[in-house]
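Note that subunit A is present in both complexes that follow, paired respectively with subunit B and with subunit C.
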Partner chain A sequence: MRYIKLPSENFETFFNSLKEWGKVYGPVKKGSIYSFQEVDEVAELALDYTRTILPPKKFFVRPRDTMFRLKDGRWENGVEGEKFVLFGLHSCDIHGLKILDRVYLNEPVDPYYKARRDAALIVGISCMPDEYCFCKSLGTHFAMDGFDLFLHELPDGWLVRIGSVRGHEIAWENEELFEDVTDEDLKHFKEFEDRRANAFQKEIPQEGLADMLDLAYNSPVWKDYAEKCLACGNCNMVCPTCRCYEVCDRWVDAYSSVRERRYDSCFMESHGLVAGGHNFRPTRLDRFRHRYYCKSYFDPSAGFNCVGCGRCDEFCPAGIEHVKVLEEVRGSLR
Partner chain B sequence: MMDKLKLGVFELTDCGGCALNLLFLYERLFDLLEFYEIEEFHMATSLSGEGHYDVALVTGTVSTRRDLDLLKEARNRSEYLIALGTCATHGSVQGSVELPIREKLKAVYGDESNPMHALDPKPVVEYVAVDFALPGCPYDKREAFQALIDIAKGIEPVKKDYPVCIECKLNEYECVLVKKGLPCLGPITLGGCNAVCVRSGLGCIGCRGPLPGEVNPASEYEILKSKGYDDEYIVRKFKTFARWEP
Partner chain C sequence: MTGNPYQSHDARILEVKDLTPREKLCTLRFLDPEVSERFTFKPGQFVIIDVRGFGEFPISLCSSPTRKGYIQLCIRKVGRMTKFVHNMKEGDVVGIRGPYGNGFPMENMEGSNLILVAGGLGMAPLRSVLWYALDTGKYEHVWLLYGTKAYEDILFRDEIIHLLKHGSSMNCSVKLAYEVESPSCIYLERGFSDKVCRGVVTDLFRGEEFDVDNTYALICGPPVMYKFVIKELLNRKLSPGRIYMTLERRMRCGVGKCGHCIVGTSTSIKYVCKDGPVFTYWDALSTRGLI
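Coming up: the complex of A and B.
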């Protein structure tokens, strides 16, 4: 992997050069929260953000997404692939996209997702964990691929890792902005990573997690938490790896309509409902437990469907903590 | 071209907003008129149908004898009846006062006599079977539009099954319950309003009534309690719009 250095004084020029690729979206502060929004100037960016409410998934599978339009009795497909830049993704969110790729890019390929994925230039950025982060224990705290460029904070600029052919092209086109990486830069990079590694306050013990869940299906801990859980679906909405959607038709006027999909939540009672009226998960207990099995149990060979971003914890009205639930379930087996 | 469906709009006791809200569809009204003719709607026509309605929309609570007679009339003469707005589906604010009607009259007028034949205000769903219930104070006019076009095309309208939080997050609004400690009933209130109050930085007041099914008010109560709201406040908030469930 090629490493180059972007000195602080060139950051703004570099950022502006990305606009040639397409619209640039980055983290901005809105009240007490962060959100990926279109950004015109560097000053609008909140580069020290913790996590956005909605993960970058929203650019590929939109919260509300038009699939087809019915016009004059004919369906028009809504696939679009306008180029854009996602600037400032954290490593966990890059891993989140890789998990979505497995779902949406494997056969049958989702054409909406693919068109937008191909059109996106991804620029990662380093971060410091807060009290909700547990990516390190899941191995998602560092991205080796899944980005075009990745910026690591240095005292006097950014160490840039190049992760794709496109990333190389951008580096070549803007060669005058970059410098070679010195030993001192590498030292600073290592120091930052060490400091970061020691800053995590939470971890999920991965070892035997799937086996543990195998044995713990009837643990009373699930029941206790199902009493607390509001089944409001907030955790699903903000999760970078939740991938269920609901398809609905909406009338635009008397004779035209759109077929839309929107994020769905496995906490809704209709989520497990199938034809004939059978419901696979009729109670809140079933639905609460299901989320944990979906994230940490099904298909363990494919890795976990959780990247430790901490969104579900931060935005749970009932203050339910993902790691704590799993630890209590494990404890109930002892 | 098939015959147009006959539509009747009936207003029981309410603020008038839900009936008026239909007119606020503006140009979309003309889309409805492609399939419907309005046979009865005191805000929109001087016609007063005597016959049969394919679809009847009823707003308001049953609060007087006149309301009850009108409701029964609408039910008996219509194929498909929609309880429209929280008054009709859950009783709304006037339904939330828990006293027998005679005591209420006495408290307000100092006299128990009842010349208007007032009844204890109750939602439409307490008196007749409805084919569809669309809550909201007022309901979202786009939702009413979708339901009416669906029916015109022979599609059964789909009931919402998710809380306000879902649409709040789809719009990526700052969570006022978690981040500001506001008393937001979003997690236990039926969605469909597109989280319009949270958009303005306010907590959900529960105007669309409780989420049907396995809703968890007990946990919401504990959460509000932990944020410093007292018992009475929380209980009153819970009951503002919904003493009855459809």
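Coming up: the complex of A and C.
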């Protein structure tokens, strides 16, 4: 890893230089919530944001995404890759994108996702956890790769980690804005990380979690929570790693049609429905459990499918907490 | 196939044949000879039919890769899309993409006995296996145990009756179980008294002996059928690793992206479209919710 320092006074110039790469999207405060929006000026940014409602997956797998356009009875490709900058991603969201990469960049490569992924410049930013965050216990609180630049807050600027050649090139073009990292900066960096490590209020011990959950398949806790759950699918929409999609052919007018994919939710009754009316996940209990199993699936080579961002907790209208559900299910084994 | 994996290739419907009042057999060929040449598949794989502007649906291949130049799909009319395809005529063009899924490991099973257990529409993918086995002749003996509702519902009826008559010369035994009695069934039962009976598919195991160390069972049918057939096979001490089943799930993409066909729990998430649709019974034992 290469480390450099961006002094506070150069931050704005650096930010503006990113616009040469493409449109810049960053966290913006809207009322009481945060959202990734196009940003023109530094003043619009809310760099101390906790979490946005929709994770950055919305830039790569759009809520509604045109795959093809019908032309003379054939599908015409709609792959596009306009360059853009995602500014201010937290470590958990970078890990979320890496999980999506495993799905979409695996053979056969999804051309839509790949084009947008290649076109995106990712700039991470350090954060302080709030009461919902549990990324530390999943090991996703620190990103080692998956970004081009990562900014760590210092009292008088930013410690910048360079994670890719592209990131290096961008820093290189603006060489005069950066300084070398001093010992004092490293001390501040370490202090910040220590303070942050102690600020987590929630954790999910992952030791043996996958096995325990599998063993607790018939636990009554699932049932209790399935009754509380409204099956609205909010948690799917806001999850940085949920990526189920439904495909629909839509007639734009009498002559032209597009094939679109849209976010789907495993809480919908149609998710497991097949032709002829058989449903493989007929009850809400089945669907509730399915989501938790999918998120807690432990891939030996990559870890869990959950990054601990806390979105599903914060935006659940029924107040169901991910960690609490898993803890109680595990507890019911004893 | 290169490029966009969601792009389908034009295929012309060469023939549409009524198999039953509900099922039609479509024979298709790719318009582009190069695509046609490149399109190879294994029994048990499936394709996605793309009616551009209306939608897509997955369907298993029921012809055999040994018969080149065309593919056949057995389509039951159950919904909007299949109804649309049923109304298509010979000469019409649809999109096809695939083949997808793992298919049956036909090469590993060479030299062994095969027991094909089909229930209803489950006959379609197993017909691919049956043809493949008979065409290549690389298998010791092939049983086809086929459970159907009524005489009218027997898929590939002429082929089944042909094999009832002449199967023994090809090392192939076909047995048929039907549920609803009708004059035609009684006629069949009289003609082939040891091969046709009224009952369910598990009744067909009666009187059959097979060497469990050199036999594979391949099952396809409605979800409820698996439990009973597997019980019968396990009673005969067939190893769970020798029992293959092909499963159905909602599939949108066919390539492990859309997430609908995910099964399993925290220790065993699988995509039916990509890791399946053929699984062993051992997979089912170690993956909750597979059957």
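Descriptive notes on the structure:
Here, the second predicted complex is superposed on the first by the 325 of 334 C-alpha atoms of A that agree within 3 Å, B and C clash if a C-alpha of one lies under 4 Å from a C-alpha of the other, contacts with A are read in each partner's own complex, and residues count from 1 in each chain.
One rule holds for everything that comes next: a residue touches a chain if its C-beta (ideal position, glycine included) is under 8 Å from a C-beta of that chain, and two chains touch if they have at least 3 such contacts.
None of the values given here were measured: they were computed from a predicted structure.
When the two structures are aligned on the shared chain, A:Asn77 is found in touch with subunit C, with no touch to subunit B.
Of the two partner chains placed by the overlay, subunit B and subunit C both lie in contact with A:Cys248. Measured by the number of subunit A residues touched, the leading partner among subunit B and subunit C is C. When the two structures are aligned on the shared chain, A:Asp211 is found in touch with subunit C, with no touch to subunit B. Shared-chain residue A:Ala199: touches no atom of subunit B or subunit C. Of the two partner chains placed by the overlay, only subunit B lies in contact with A:Tyr263; subunit C stays clear of it.
Touch criterion met: A:Asp110 reaches subunit C, while subunit B stays clear of it. Of the two partner chains placed by superposition, A:Met144 touches none, neither subunit B nor subunit C.
Residues 248, 251, 270 of subunit A are contacted both by subunit B in one complex and by subunit C in the other. Residues of subunit C that touch subunit A in their complex: 3-8, 10, 50, 52-57, 76, 78-79, 81-82, 93, 95, 222-223, 248-250, 252-253, 255-260, 262-269, 288-289. For subunit A in complex with subunit B, the residues that touch the partner chain are 30-33, 35, 53-54, 58, 63-64, 227-234, 237-238, 248, 250-251, 253-255, 262-263, 265, 268-270, 283-284, 314-319.
Put simply, subunit B touches subunit A in their complex at residues 28, 30-32, 34-35, 145-146, 149-150, 158, 161-163, 165-166, 169-172, 174-175, 177-180, 186-188, 213-216, 218-220, 222-223. Across the complex, subunit C is touched by residues 67-68, 70, 73-75, 77, 79, 103-104, 106, 108-111, 209-211, 213-214, 217, 243-249, 251, 257, 259, 261, 264, 266, 270-278, 280, 290, 292-294, 296-298 of subunit A.
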